[in-house]
Amino acid sequence: MASGRNWNWFHRMGSPRWFYETTGRWLPWLWVLTLGLMLTGLVWGLAFAPQDAKQGNSFRIIYLHVPASFLALAGYYLMAIAGAIGLIWKMKLSYMVMKSAAPIGAALTFIALFTGAVWGKPTWGTYWVWDARITSMLILLFLYLGVLALQYAFHSQETGNKASAILALVGTVNIPIIYKSVDWWYTLHQPATIKFTSAPSMHPDMFQPLLVMIVAMYSFYALALILHTRVEILRRERKASWVRELALQAEPGGVAQ
Amino acid sequence: MIAGSQGFAGYLRRDLLLAYRRRGEVASPLIFFVLVSTLIPLGISPDSARLAELAPGIIWVMALLATLLSTETLFASDYQDGSLEQLLISPQLLALSVLGKIVAHWLVTGLPLTMVSPLIGVMLSLPAEGLLPLMASLALGTACLSLIGAVGAALTVSLRKGGLLLSVLVIPLYMPVIIFGSAAVQAAVDGLNWLGPLAVLGAMLSAAVALCPLAIAGALRLVSNN
Amino acid sequence: MNTQFDSLQQFWEMAGHGPYVWTAVLVSLAVLGWLLIRPVQQQRANLQSIVRQSQREQVQQAAAAGLSEEDK
Amino acid sequence: MSTPPLITVEQLAFERDDCNVFKPASFNVEAGDIVQLEGANGAGKTTLMRLMTSALQPTSGALLYKGRPINDCRYEYLDSILYIGHQSGVKMTLSAEENLRWMSPASVSSAEITQALDAVGLRGFADMPCYSLSAGQHRRVALARLHTSKAAVWYLDEPFTSIDKQGALALQQQLEIHVQQGGAVVLTTHQNLPLDGLRKYIVESHTDLGVQP
């Protein structure tokens, strides 16, 4: 185990207070950026982008489906890395980040699955197919649910954190294996009726709004993660004096009695 | 007689002896495997062509569930009677002692499952050329399942009702094993090369042998903090 | 750049795909919105409960101080 | 230069969910010491003892063995300690003899095992499965380890529970012999032990929630 003696700067960076104050300054910008990009991307994608020659207007679901899928997967890695940092350097903040990342990731995975299903109906005539990517997404959802369930199964916050960090790490090692094997499984069993024609080059008019939506989703993810982590910080550090001062500033009157 | 030297061999022998003393309990996953497999023809159809088509997958799903059933108890009694605490402070490498326990667990669950699987295969009309691949894939695959399941068992050992949670945790991780396990059998039945999927199972097993004991050792250390 | 739709009615129907597209959009936005609104609400509740806690402690301290003065 | 103490506990603290379980502990254990950890229920005696056995990692502070940090000589340290906790690690399906054999060093002969079981009053029970023995007898099986162990430092968490008067006396004598031979004992108990060389360390609960009478 690495000793923390030479890592003071690292620990300062990992201080919840530092995180709370710094992100507090970013938040307004992040809100504007997220909402602006999301609105732009959605209006562009839904109203202005040309419709797909084969799939018609249902293809517009891609503007939510693809960004959500991206972040769902990236979010799992982020969660696992945060957990690993917590385990190795015993940094409380990174556990808080990990804990916050789990519900966000699970929700994004759900969005990816749901939009995929709704998209599937008009396009392939069915809500659900056991396609490699969809199946992998479903497994990802289960992995997220496992981490969430383990987190809340323990009375002790700390044990819950560490246990789910280990589980997230084990999952990370497994995800590439799961993806590869599901992929392989699918090519083995591919039903003849459904062929996925992935357009190798998307028309720029379609692609540009997608790009905007992907960036918007990254920004959304950062925003949601920061908000959730800040809640976690306040909950965990509620006895610290800086939290007291901060609360008195934010809610000077307390609650209307 | 168990030797006092603990470590890998010590835990292997001790757990085998303990399993021998609780023969009835240890046999239950095996009985589960056989019983549930007889439900399949009742639930689907006695038509041997249809059964043959489903047999590789069904046998593998049953074997997976039977292994899962037995995994929960892997560390439970050691946790309750304080042996786990002794394990944590024994002057041996924790990961190796843990591996000894898992090998013992496989010998009393995975191996018997593998041994009776041809019987189930015949009952479910699995073509004869699928029987050897079935045994080979189950032998490698159940070892993977024991190792992966042990990670979940270690993480949930201090929880009173860890059983359901354990399945939520480990079933997603089991998926690659079942894909390649049943694929090997299917390939053999279809007259294709079944050594490919089997080799992948072997690779997964070696990775699991190398990594899972470390994760389990970490998990056991942390849950003992409570 | 022009919209792909001539009227709001057409935009809503999306040539028959409207129900699918709009369900996907609304559900997604609801989930995304929930992910942002919930922490904001929780944060407010947390801050309020911290303030209440410190108020309670102040009252207790004041009462304790009052008592000890009476003792004298 | 004086030799460093056998075990040094330096500001050892353990947090559970950001709360210290007890006030940071500092004391030494020398060869020949019997240290009794004392404190109210829930004060953290068991936690402190488990920290000292290195089963738990402290949140802060250090544990030194012969002047060296425990992480530098972990296996050497683990080789020289013996810990008997609340749950004694006795397997119900094994016989008393098998249990003791398992928990003793490999070099211990079967004659020594039999002797040890005799010494704790289990003569005639050696080959019975432990589920047919009483709670006090289970504890005796665990305590028989003290006869076969070569460890210098004994950590005993409530060793006198479910032991009868005679057994308790025998155990006290054994502890005295062990420290006379240069060993050390750390134990928790609520009894007052009439032992020479007994020192007490009061484990103080960190929370001020304790109800004052």
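We call the chains A, B, C and D, going by the order they appear; numbering starts again at 1 in every chain.
Here is the rule we use: a contact is a pair of C-beta atoms (placed from the backbone, for glycine too) under 8 Å apart; a residue touches a chain by one contact, two chains touch by 3 or more.
Keep in mind that what you see is a predicted model, and the values were worked out from it rather than measured.
Chain pairs A-D and B-D differ in how many C-beta pairs they share in contact, with the greater number at B-D.
Of all chains, the one whose Cα centroid sits at the greatest distance from that of chain C is D. In this assembly, the C-alpha centroid of chain B lies 46 Å from the C-alpha centroid of chain C. Centre-to-centre, using mean CA coordinates, chain A is 48 Å away from chain D.
Centroids built from CA atoms put chain D at 37 Å from chain B.
Taking the mean of the C-alpha atoms as each chain's centre, chain A and chain C sit 19 Å apart. Counting partners per residue, chain B has 225 as the residues that reach two or more other chains. Within chain A, contacts with two or more other chains are made by residues 156, 158.
Taken pair by pair, the chains that touch are A-B, A-C, A-D, B-D.
Across the interface of their complex, chain B is touched by residues 87, 139, 142-143, 145-146, 149-150, 153-156, 158-159, 162-163, 166-167, 169-171, 173-174, 177-178, 180-182, 184-185, 188 of chain A.
Per the touch definition, chain B reaches chain D in the complex via residues 1-6, 10, 14, 17-18, 21-22, 77, 80-83, 85-86, 88-91, 221, 224-225. Residues of chain A touching chain C in their complex: 42, 46-51, 56-58, 60-61, 64-65, 68, 103-104, 107, 110-111, 114-115, 118-119, 121-122, 220, 223-224, 227-228, 230-231, 234-235, 238, 243-244, 246-248, 250-251, 254-255.
Those residues of chain D that touch chain B in the shared complex are 16, 50, 53-57, 75, 78-79, 81, 83, 85-94, 98, 101-108, 129. The touching residues of chain B, counted against chain A in their complex, run 151, 155-156, 158-159, 162, 165, 168-169, 171-173, 175-176, 179-180, 183, 200, 204, 211, 215, 218-219, 222-223, 225-226.
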